[in-house]
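Next, two complexes with subunit A in common: one pairs it with subunit B, the other with subunit C.
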Partner chain A sequence: MQLKKRRRGNVRKSLARISAGLLAAALPPLAGQAAAQSYYDDASGTRNNNFGPGFTYSQLDAALLVYQEAGGRVGAIEPTANLSMHAADGRQLSIGGVADSVSGATPNGAVPSNLPQNFVTPIKAQGSSASVTSASGGSTIIKLPPTPGQLATAALGRQYTVPANTLPMDKGFHDHRAALNGAWAQPLGGITEIGVGAGYSRESDYQSITANTHLSQNFNANNTTMSLSLNSEFDSSFPFGGIPTPLSVMNAQWKTQSTRDKTQLGFVLGLTQVMTRSWLTQFNYAFDQQSGYQNDPYRIVSVVDPASGVPTQSLYENRPQSRQSNSFYWDNKLDLGPTVTDLSLRYFTDSWGIKSVTADLAERLNLGSAFYVEPSARYYHQSAANFFHSYLVGGQALPAYATSDSRLGSFTGTTFGAKLGWIVSKRSEFYVKGEYYAQSGNSHPAGAIGQLKQQDLFPKTSAAIAFIGYSWDFH
Partner chain B sequence: MQAAPETEASRRITRLGPDYHVSFHAMATPCEVRVETSDAALAERIGIAVEAEARRIELKFSRYRVDSVVGRINAAGHLGLVVDEETSSLLECARQCFDASDGMFDITSGVLRRAWHFDGSDRLPGAQRILDLLPLVGWPKVSWKPPELKLPPGMEIDLGGLAKEYAVDRALAEALAIAPLPMLVNFGGDLRVSGPRSGGIPWNVAIESVEKSGGMAGMLELREGALATSGDARRFLLRDGVRYSHILNPRTGWPVKDAPRSVTIAAYSCVEAGITATLAMLKGRRAEAFLKREGIRAWCIR
Partner chain C sequence: MRTAARTVFLAGMALALAGCASLGPKPWEKDLMARHEMLVDPYPLQTAAEDHVYFSKEASSGGRGFAGGGCGCN
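Coming up: the complex of A and B.
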């Protein structure tokens, strides 16, 4: 940190003036050349965030994301900040943080019914009734009588009622999350870059610890980069109310088991190739193996009457404890002069039976030297997991695994967005970005029973996402 | 050290991707001009013009030639020489650089090279030898009353720190007068572009590694303006583990200590980039701090 403020750029300005004087005297103005003043004022092209191999510099990125689903569903506000420091010899350290606040209503997994439905969940103050003073989030506190097989003694529970012909949602959803991450990378001997990173994220009912290491090597006069990264993650789920027994009936009792864990190990193999002066292509292959608790502990699946289709029971969902996935990713960046095109395709397949394709297109257009716009579009389609059921039918044998989580169903999502960037100076950029996301699945699956034929079993969802961000490079 | 006579035969023209590339040898260094065109005849006309300008400036300002303006100034000494307008503007530029750099950029410091031979060896001159030469260094000792320059006995000037960069700026102007095409003029690593390639694509310029000749330390993208590099990749002395760069401090007569091995500067003109690079080297271990404070786009290799 410099303690006294020193004059900036005085020598540069004199040298610019002296050379301009010499060249003006000796030669006519250069045709087709920018004027000297515009050379220094011009912020076109990339910002000067390469201070060269001999320079230390830092980069600060700060952004705020606001996410809101339509119909008063989930909303989130997420500020992020990231600082990276680059040393003269290629070493770099970065630290970042995210805080978010999520609230709103989220589907609980049950099907709609032509009759009102009641759902009960545990209340926050376990074993205490004194601290609960009022209804909240559209739910009421009730006293539940002892129930054979469910409640041994009378207990307090939270009950919410969903009107007829309405998608059941739990409106008590509210959480905060904070995450921190750090990474270190440096060249080592003949290796272009070797690095390690770690992260920690915490919500009121979930904790995640990640660690990774990577290696990358440039070949072929830096036109080819191969990279390998190994990633590991250790997550703990400690849901409010405890860990429910899979496929047991939803109730208000605090469960005895409070925590379950999940581990994830994976690797990514990457190849980046400069094809021509204006075309950069990248291939990634990723493999992941997850094992442990992967259920959504709050999510239920309805059991319906085989004749009327009316829900009679709500069971906690269950997912396999093991999941392997393979993902293939191909990205192309094309610099066509006035525009820069980024087109990527991804294919994903996993042992749960999900296959998905993603196509992403973004086109950057410079508007003069200080502004740019980047419209973008994304298409996503996935097939359902083989244990996805919108509902289960009463009287039939229970499957080993069942979920009605729409994220594991078959659906198509499209996103349209636009980013507007303002290059404030060669070292700072301000941007705003807006996106609209729409998702639709099979609302009326064939074979729906009774009243379910009239219900929308995969309601369309849409969300608006806004970003505002600032990026600043400094010494 | 008379430069070997260089002939038209040294000029070569080749097709390189979307460019024609004309190369030749002048000013004791490889020179090139890249022109983005499919017209070979036009590219050759541009190449001839660029080479002619390089040779004109070399003949006019080489300190190795007794018939150059610099040779005649040095020979005339205290008798003085009235110079032409172009020489006058270069000398005036040198004077202003001396003032702007607090006396570190000094075209009279060349006599110190009688004592220093940067050949990679460990032979340092004696301290007395340098003290004997110092009285012959110092721009304020010369009489510069444009257009006449008079040198005190024993003093010399050397425009080597300006001429090559000036030649790049001049040659590009000559070339653009023939055809306003995207082009890059590069004389021994000091270069300037006419603007971006067609479609706004930048020119790629590699920074040569100081470790092994021909290696690359980095790749720069240049859309407009000029680059100049100063360094001691091959010109230095090494004794008792101390590396003496070939950049001499005109006030002490000794090489600058702890200078970066290489400094590459981006600026609007090649002259400005070259002077800035020299000045940064003269700052020694404070080179990076100087460049940062001045807000100059630069790449240093230590």
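Coming up: the complex of A and C.
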């Protein structure tokens, strides 16, 4: 036990030194900043990371998310960490990082058929035959007929076969992502807080750069806070196989265009109010504008025979290049002694015709001073985008936009979860949370044609989510 | 219709702010608000992870914070 305590102290001292070094580099010294006071020997009790005025402290958060969908579909592992350094006068510097690894089968957008279906996608011309095997999803390498004007890499393609009466999925999906972010905030004159932040995220076929700034002001003896946050995002999509021509027939050729971009601008206007000794409420309005490439470059939509309903073609999807969204968010926290209730409601609407409602409820129950449990439930329902089609009908004119992505269709999502927390000391906490998430939609829409009447046209998703986190405040 | 809704919303915000002046506890009554679990977002990594999952699986994002996910997850 002695050894453990000493080792923990060494780690703490090391982190404290690193933190102090970073702060010293970023912040000029302040009177009283160096004042040291031991909080670590406090008995376990209510967590309190307010070290009081005049103290510099840091907060280290580390967590691991594990996500797994049923039926061998998408799974993800995502470790994340964040270090925040708080100076005595309210200045804050935080840096964080996220990594994730995602793999599994994902619906390609086609409808099921009473006949087996073949799909083709590009592969790299060299060395790909070794990496694409039957073990990686029943894929085979095919030779493509030479096409004038195509890239040299168009000589080979990947084909996978989906059995009859089965939801078509591509099992070759895998990706890795790494992201970094940093933020600075401080009081400025009479302004309670002003801050800036930036983030960078990179995966094998996507890159995102974000920058944001915010301003907040307290009123009424600090019972009221008004805030305004601005966000900008610049994303680049460079899908494997290139950018497909919208609504063209799916094929294994490498496309000549490799990259498309998207820009995003948004703001959040917020009002937070302490209503009573035990009731805190927050109201946010968020607006967001996205312009540019918003297609899922791997996703297709089936064209079916108008009589039999059998798919005859697979077309790459197409979405509008502009999207505006509005969110109205209301959150309430109510402290009733042994319990803390958190209830939030959100109404969302966008220019694609999607409307959604979200209700999220969590009830924290303190078990003595060192432990708590927090059961939670979430309800979500959205209507479909106005260009959502489970399939297109052959012989009819093509619409300008079409997607069969169920995430843009109408569905209901429900989540049930429970969290267990352990207040290790007044300055540190360990917690685990487990959740179950399920989507349900209309599997048999009216007007289904031929064999589609017998098929399940909503690709149900259910997932288990585990989250483990540790938080530590230190000098 | 949308413009009217925005006007009503902004007017509501202004009225709410004016009405806030008489709301809230005195400084010596803020013991409960000082507790960690009464922060607006006491577990930001957990919030970020959940928002990331929902951003990847649903069409709506934003409200609690910015819309979008800063990644190609959707």
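The rule is simple: the second predicted complex is superposed on the first by the 408 of 475 C-alpha atoms of A that agree within 3 Å, B and C clash if a C-alpha of one lies under 4 Å from a C-alpha of the other, contacts with A are read in each partner's own complex, and residues count from 1 in each chain.
In the analysis below, a residue touches a chain if its C-beta (ideal position, glycine included) is under 8 Å from a C-beta of that chain, and two chains touch if they have at least 3 such contacts.
Worth saying up front: this structure is predicted, and the values here are computed from it rather than measured.
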Subunit B or subunit C: which reaches more residues on subunit A?
C
For A:101, is the partner it touches subunit B (first), subunit C (second), both, or none of the two (neither)?
neither
Classify the contacts of A:221 with the two partner chains as first (subunit B alone), second (subunit C alone), both, or neither.
both
Mind working out whether A:329 is in touch with subunit B, subunit C, both or neither, as first, second, both or neither?
second
I'd like to know which partner A:338 touches here: subunit B for first, subunit C for second, both or neither.
first
First (subunit B), second (subunit C), both or neither: which does A:67 touch?
second
Examine A:277 and indicate which partner it touches, taking first as subunit B and second as subunit C; both and neither are also allowed.
both
Both subunit B and subunit C contact which residues of subunit A?
46, 48, 50, 221-222, 277-278, 335
Touch list for subunit B against partner subunit A, complex
17, 85-86, 89-90, 92-93, 96-97, 100-101, 166, 169-170, 172-173, 176-177, 180, 194-195, 198-202, 204, 216-221, 223-225, 260, 264, 267-269, 271-272, 275-276, 279, 288, 290, 292-302
Complex contacts: residues of subunit C adjacent to subunit A:
2, 9, 13, 16-17, 20-21, 23-27, 29-38, 40, 43-46, 48-50, 52-54, 57-74
Interfacial residue positions of subunit A with respect to subunit C in the complex
46-50, 61-63, 65, 67, 78, 80, 82, 177, 179, 199, 201, 203, 205-206, 208, 210, 212, 219-224, 226, 229, 231, 233, 235, 237, 264, 266, 268-269, 271-278, 280, 282-286, 288, 290, 325-329, 331, 333, 335, 340, 344, 346, 348, 350, 352, 354, 356, 358, 364, 372, 380, 382, 385, 407-408, 413, 431, 433, 437, 439, 461, 463, 465, 467, 469, 471
Partner subunit B, residues of subunit A touching it in the complex:
6-12, 14-16, 18-23, 25-28, 30-34, 36, 39-40, 42, 44-46, 48, 50-55, 88, 221-222, 277-278, 335-338, 475
